[in-house]
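Both of the next two complexes hold chain A, though its partner changes from chain B to chain C.
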Partner chain A sequence: MAFAGFLVRRLLQAIPVVIGVTIVVFLLIHLVPGDPARTALGPHATPRAIERLHHEWGLDRPLPTQYWLFMKRLLTGDLGTSLRLKQPAGSLVVERMPVTLWLIGYATFLTCLLAVPAALLAASRQGALRDRLVRVLSVVALGIPGFWLGLMLIEYVAVDAQLLPSAGYGSGFIGHLESLFLPSLTIALGITPLVIRSLRAETLKVAESDFVTTARAKGLSERQIRLRHVLRNALAPSVAVLAVNVSFLVGGTLVIEQVFSLGGVGTLMLQGINSRDFPVVQAVTLILALVVVAINIMGDLVQALIDPRVEAR
Partner chain B sequence: MAGSPSEKRGAGRLLAVRDLRVGVGPQEDGFDPVSDASLHADRGEVVGVVGESGSGKSLTLRAIAALLPPGVAVRSGDVDVGDIDVVHADRREVHRLRGGAVGMVFQEPMTALNPTMRIGPQIAEAARAHRKVSRVEAKARAIELLGQMQFTEPERRYRLYPHELSGGMRQRVVIAIALAGDPELLLCDEPTTALDATVTMRVLGLITGLAKELDIGILLVTHDLGVAARVCDRIVVMYAGRVVEEGPAVAILRRPRHAYTLALLQAVPTRESTIEALRAIPGSPPKVGEVPSGCPFVPRCTLAEPACEQPVSLVEIAAGRMSACRRHELLADLVEADDA
Partner chain C sequence: MSVVGGLPNGTEGPPTSAEVEVEARSPLRGMAVGRVVGRRVGANASLVIGLAIIGALLLIGALAGVISPHDPVKQEIGNTLAPPGTAGHILGTDQLGRDTLSRLIYGARNDVFVALGALVLPFVFGTLVGIVAGYRGGWFDSVMVGVIDVIIAFPILVLLIALVFVLGPGVKTIIISVALIDWVVYARLARTAARREAVMEYVLAAQVGGIPTWRILGRHVVPNIISQSIIYAMSDAVLIILFITTLGFLGLGIPPPASDWGTMIAEAQPYINNQWWLAVIPGIAIIVAAFGLSLIADGLAQRLDAR
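Moving on, here comes the complex of A and B:
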């Protein structure tokens, strides 16, 4: 029950953040230098067309009224109409969301799969060869730019060795797993070092806690101590690090999507920016921002599941 | 020791520590916080180990449980717990020792429990570490222990997390963990220092009650002579890493035969003591590595004579009484005169 309460509290806390996001997204259109309608329609637009777009976007009204109308439309699910594709911007984004969400989820999964064993291995003996090896590899991985790594993986794993598809989304669950492996790995390798570093440091810190001495005094094996007592306590702070970095990764996916021609939200975003399709840019920004908020809430929930004291806060 | 209670069992000592030396750092240029500790404990007995901070009492305790921190090691001497030779124990014997032969109660109940695990399983896993029992049996054992530790509704308490308990309750959980493996010896490292006065008595009552009820030996490290006076059968006084006096609790507290013990007792406020009578011991204990070769207490001792500069060892001065003080006869006279 305490957990349900925590969830509700956390969702309520997210409301001001979401309102802030809508304000930023709303102002996006006004941040563009010059007249947004003129920018959108291009240099050859007739004054009449500009006038019409002004009216359609409500740019001829006072700012608060504009925000009010924007919010009213938003609450009915209307995010405006794409200028270029003449389709509702909201559904354009929603159509392309599955690829992006898959990519985020898959990359997070791979990150955990890589980071947890590596961090535990490094922390099992501080200063030993395995520890130094993990740390060196982390620094190297951190230094590799994602787009370059993506290209290398396509070149050697997909094209030369023919092991995995080089582009596309695949079909069906297995198809997705296969096609999205390389892009997800590319993204995962970017944040794995950060999670390893946090988890390694936490593990070493927790290993010196009094309760670990208690566990040792019980006569538990070092393996039992590490899995039951150390890992769980070291995990909670690392989940926070992971959540923050997955949020960053949402931006990173946009680039990786291009490299692997996945046609997700990132592609839509870039097209929108290039063709000054403001409603599309706004819709993508808003929905991705909501995804980031959701990821952070999930991070908090996972932390609360691991450490019961988080709930009490 | 003639006439000690263990003789009736005929078996060997429950705990025997002989000439223990515990060192920090490398053998050649390290230092030895415990330089000469000998003590023993028998079944059904509560032995207090008293001394100031830094006297080496906690390290002695940790050496007995093979729980010395990294970088700290036994340099020489022997520790026997039942049939286990702790100093030379292999991995299997260390496992048998920790939690099995020896249970340990720590000073800080706030940090001694895993914050992310319910208290019940923390007790149950200690029971399972030493006996081949099923999860269900281990749980039943944990609930039984919670009951013994005077928790009401132990089934419900089983599911609580440490942060939902008070300090005194947590310490009772720590004791339950220490007892889960049915040890013969319970080591308590200042178990009540972090607790307030009313809770202290309750926890102490539990611990001493256990010694008699379960017929196990208890080694209670404390710097609080009041605590020692209340619950201990025998007291071992440590100073600068050595045992300087040992004997029955009442005798030690009434008729100390070591100048340091006397000084300690004079520093304890009692109902009759006036400010003038209350005397702090001048100076501070010698720093580790700077302990004089003779009696370590000489620089602070009001009774010291030149001979005290010579090395001195713990000798039996009366039946069941050991002292490492050259002036123990003078002390006997002084205390006698005081009583009269």
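Moving on, here comes the complex of A and C:
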């Protein structure tokens, strides 16, 4: 029952954040220097078309009224209408969401696969060669731009070596796994160094705890201590570290989708930017922020499941 | 909020000579930020190598006009896509016959300078806000925590791209957009640290000693908490350089014809099969710059963060 209470509390805590997110997204359009309607419609727009868009976006009313209208439409699922495609921006985003969610999930999985063993290896003997090696490799990897790495993987792994598809989403579960491997790997490599760094520090912190000393005094082998005590207690903080880094990961998908021509939400946003389609850009920004909020809540719930002490916080 | 009821807020004004004397005698005397940093920065391999790399890049960028062999925007239509090693063009030319080396050098000016420049605003503003919020608490703290939570909820790159889009392209836009988002990280760091320090005995002692709040913050609290932010700033510079080149790659960065490493990679995409060096060379430049900044961060962390 305590878990249900935690879930409710966590959801309630998210409400002010979500309201804040809507305010930021709402204000975006007011940051446009000059008249946003004129900017959106281009230099050849007629005064009447601009007038109509002013009215449609509510720009002719006071700011609080505009926000009220924005929220009222939002609550009915209306995120505005794309200027170029003449379709509801919300459904455009939802249509393209599966690829992006696949990328986020797949990249998170690959990040765990890479970061957890590397961090445990590094933390198993602080200051040893393996520790320094992991550190140097992650410092170098952190500086590799994702879009460049993606291009290199396409050129050398997909095109030259013909190992994996270079573009597209594939079909069916296996097809997705295959087609999205390189893009997910690219995204994962971007955040893996950050995750390794925090995980290593968390593991070292746990390894210094009193209960580890007790376990050692009890005569457990180092291997047993590491698996049963250190790893288990480092797991909850690791989930927290992952959840924090998802924010980077979601941003990464946007660029990598473009590199691998995947046609997800990121591609939609960049198309929206090229055609000065404000409602689409706003819709993508809002929905991706909500995805991050949802992932953070999920991260907290997983932590609470692993470690009951988390609920008490 | 504090044990000595209201003292920190009630003693503004120039310090009397007695106050200065109390402060000078204290073994917990505040030190100027520069001295704390200067004393602990000794010989340190990662720091030295990192500083050398970034110093060299900054020098190259600053002297771009003198050392670059060609005009980075001058096109030689008869000499396009020349491979590295071509006479007169050590690193070859691009699809418009522009000299790759010269574009790389001017890219150092744009990318490294803009990245470090973009760091200053969020660092200063975020740290100030964080220290005041953490030290004073109250409504200001609550509001700031709310704002920070909201901005952190956005995927950074997505919000950055949206901001650059609405503000229109340009270096000024990049600096403003980075500042609007990035200050929250510094604010959070400084707030946590300031909250921790505010209840420490040396701060209470300074409050009892009647030292004005601004002086406690400036001479006692800031020097004790700033090292963490400085270390973070260098890691942050890595991210900002990646953001700026990513913006360039997406066509939202430093506007052409000015050269930028990200734009160079974007332009090289169609030629990657036969002229791979066009994409590889600027990529290596980004990695080297980011590596230099990471080394500085690493070295500073070892020097400043004794814990």
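Rule of thumb we're sticking to: the second predicted complex is superposed on the first by the 310 of 313 C-alpha atoms of A that agree within 3 Å, B and C clash if a C-alpha of one lies under 4 Å from a C-alpha of the other, contacts with A are read in each partner's own complex, and residues count from 1 in each chain.
One rule holds in what follows: contacts are C-beta pairs under 8 Å (C-beta built on N, C-alpha and C of every residue); 3 or more make two chains touch, one makes a residue touch a chain.
Here the structure is a predicted model, which is why all the values come from computation and not from measurement.
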Three-chain arrangement built on chain A, chain B and chain C clash or fit: fit
Which of chain B and chain C A:285 touches, first, second, both or neither: second
Where the C-alpha centre of chain A sits as vertex, the angle toward chain B and chain C in the overlay (nearest 10 degrees): 80
Partner chain(s) touched by A:161 [first = chain B, second = chain C, both, neither]: neither
Partner chain in contact with A:258 - chain B first, chain C second, else both or neither: second
Contacts of A:12 with chain B and chain C, given as first, second, both or neither: neither
First (chain B), second (chain C), both or neither touched by A:4: neither
Chain B versus chain C as contact partner of A:129, first or second or both or neither: neither
Of chain C and chain B, partner touching more chain A residues: C
Touched partner set for A:75, first chain B, second chain C, both or neither: neither
Minimum C-alpha separation between chain B and chain C after superposing on chain A, in Å: 20
Those residues of chain A which chain B touches in one complex and chain C touches in the other: none
Contact set on chain A toward chain C in their complex: 16-18, 20-21, 23-24, 28-29, 31-33, 36, 135, 139-140, 142-148, 151-152, 155, 159, 247-252, 254-255, 258, 269-270, 273, 278, 281-282, 284-285, 288-289, 292-293, 296
Residue ranges of chain A in contact with chain B within the complex: 209-211, 213-221, 224, 228-229, 232-233, 236, 306-309, 312
List of chain C residues in touch with chain A within their complex: 146-147, 149-163, 165-168, 238, 242, 245-246, 249-250, 252, 262, 265, 269, 272-273, 276, 279-280, 283, 286-291, 293-295, 298
Chain B residues within the chain A interface of the complex: 65, 67, 95-100, 103-104, 106, 108, 111-117, 125-126, 129-130, 161, 163, 174, 177-178, 180-181
